[in-house]
């Protein structure tokens, strides 16, 4: 069934990206660089959330360790930069490759389990990488590792915050487009079919393991790119990128925005991170408010924000 | 390797193990029976420790504070169950993870609001603060032995409760077939609340007893929560026996690993490599153990439930 | 008739109980072999071992001359063994067409194709619609499975199995829970398939069994106690005693 050409979902997506594209204009006009950094960070987490949605929303695989790929991507950039590599192409390429390999390894083992055990084994692997980063004394250990400078990528000079911002926006847009293609493809249909009824998929001759593993690797790779962007944006990498609460936050973004919608997690990231900022200006005890909000969202807004924005067939 | 040191570290591991068991028993029961992933279990541990600190400051007595902290944590647990968690029993694991993640944020901040951002300290009673000489040359803190004793007593009590009593029978039946138990006229919601309260009390007991050994601060439950999950996943979700075996295993592997892995590595690699890699490998050890166990037994050592 | 499936000495125990106890069974090419027996006789267990969901403790399963005893279920399905389930096993949030499309994808080989929109791919939609129309569901293609009537869901089960163009259909109580009208439609459908595809049919509806089967085996407590043509089985004293509950 084709949705109408101009659906609410499409309008909302265009509007969302238009607003994100205008942030640098606003921050320049009103000399508010804070907004530029905030929304660059928001989009990076949106990218991570979109990557998680592919496995969580469409594959039904609750990975509780996605912050690991964020960390692997970030550390790949940080460590290579520390050793004097300044080609952004090489740095980000290494981040993508490293996170893909790590996702392949973790996925190959974790996907042998299911349900609660899958949640916990993905968490365990993320914790291993967290402690590995803590122990890398040569690369800052607990304190993290600053990155001296940003390089250039093609026409983009990343020393400019605005150019980096637009590069992140493009990455997010591409990831969303790629995600939409994947979930509509034969591959995506198998992934989703196996989520709803694994027994049926197996009876049809579709062994879900391989499809899930490929989805897991794609997801980890995109999340690794988000990590590389985060390291570039903050000029810093730290084990805290891999804290288990970070993995929890990314799940929150996906569920808050709406699972299996791809655009929803972007909204989820925007709302969660902006809400954190707003609450933090009201009170230092903002988590006291955010916690119950999350509980209420779970109890009462089951389809996520995107379901509410895009209508029934969003 | 010094055998006396090994003995002391093994006892430390056992002490961590029984502590983890107190937490894991409640968590695994709640998961096994209500099918609920409760991330806020670590918060109850934290709440127990804070109650301990507050009641000790108020009464000036360790024992009195302990006797107040445990039921107080039980009440908090029951309140959380009645207000939020019972609405999550029928939801999928993801909703449960999310909702209880929200509870963690809430509780971590709540204790800061009530007791302030600075860490609190709990002193252990004079009578338990000394050491006993287990073997010549191996003095050991009495308090840690008491923790081990209490933990083993609780394990024995739970084993008796679950296998020998009518309540235990209902708990086991409720785990395998809640509809059937409800059809037999048992108030299943009350049973769930009681089981949750029991789990909360055990978590509170763990928090209260651990309080003199560490600083009482916000988010102190987060790290221990992850360890507890490792325990119940290794043991097999829903199995008290599995929780006990896995808790002791994790406690000993973690403690002994941290103590001896760097030494062991120093004999194989040069000092610099060993010093760098030792602590990292030691803190990764239990996660490696868990991953390895799940590769060969995807449902844990004693588990049947996914 | 060429032998398609040969089950020999298959044994499966759950605890102390033998659900399959040295079962020997063959299905010839194009044949409809019905498996009957009282509840708990081990019929579904046997089907599951042939389809690969369960692995036998002992014995051999040979399909198309190849030993598949240890092969995983998806591989058997790709080799030409398709099953329908006793309890409807469909993808609930997908439409009938989307369910059928997934079966066509499986038939057409691997699905590691990441770009082209599968929901508008004529190479998938065409054969999927054909599979639906074989069971009379083409008019209901766009309806989500959850909104289909029970009889329609059962028919869709068969459509999915047929979409795989199998050599052997494993049918586990295709008429389970059906009213008389739906049941007679299903019997007509299976009759129309006779000869073109071999079937191993588990069914309680004896009218259906005696109309469809070329051969009948009777399973009691995991053992085949009788096997033969419908007339032979009807006349077999042991069957009447053990299964039909008559004093012979």
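Going by the order they are written in, the chains are A, B and C; count residues from 1 in each one.
Criterion: a residue touches a chain if its C-beta (ideal position, glycine included) is under 8 Å from a C-beta of that chain, and two chains touch if they have at least 3 such contacts.
This is a predicted model, so every value here is computed, not measured.
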Closest chain to the protein CA centroid? A
Farthest from subunit A in C-alpha centre terms, which chain would that be? C
Averaged-CA centre spacing for the pair subunit B and subunit A, given as whole angstrom: 31
Could you tell me the distance, in whole angstrom, between the mean C-alpha positions of subunit B and subunit C? 49
Between the Cα centroids of subunit A and subunit C the separation in whole angstrom comes to 43
Within the complex, which stretch of subunit A touches subunit C? 1-2, 181-182, 184-190, 193, 196-197, 199-207, 211, 214
In the complex with subunit A, residue positions of subunit C that touch it: 51, 53, 72-78, 82-83, 85, 89-95, 98, 101-103, 105-107, 111-121, 124, 142, 160, 164
Using the touch definition up top, name the residues of subunit A that touch subunit B in the complex. 56, 62, 64, 109, 112-117, 119-121, 123-125, 127-128, 131-132, 134-138, 244-245, 248, 251-252, 255, 259, 285-288, 290-295, 297-299, 302
Residue numbers of subunit B touching subunit A in their complex, please. 31, 37, 39, 84, 87-88, 91, 93-95, 97-99, 101-110, 112-113, 222, 226, 229-230, 233, 237, 276-277, 279-281, 283-284, 287-288, 290-291, 294-295, 298-300, 306
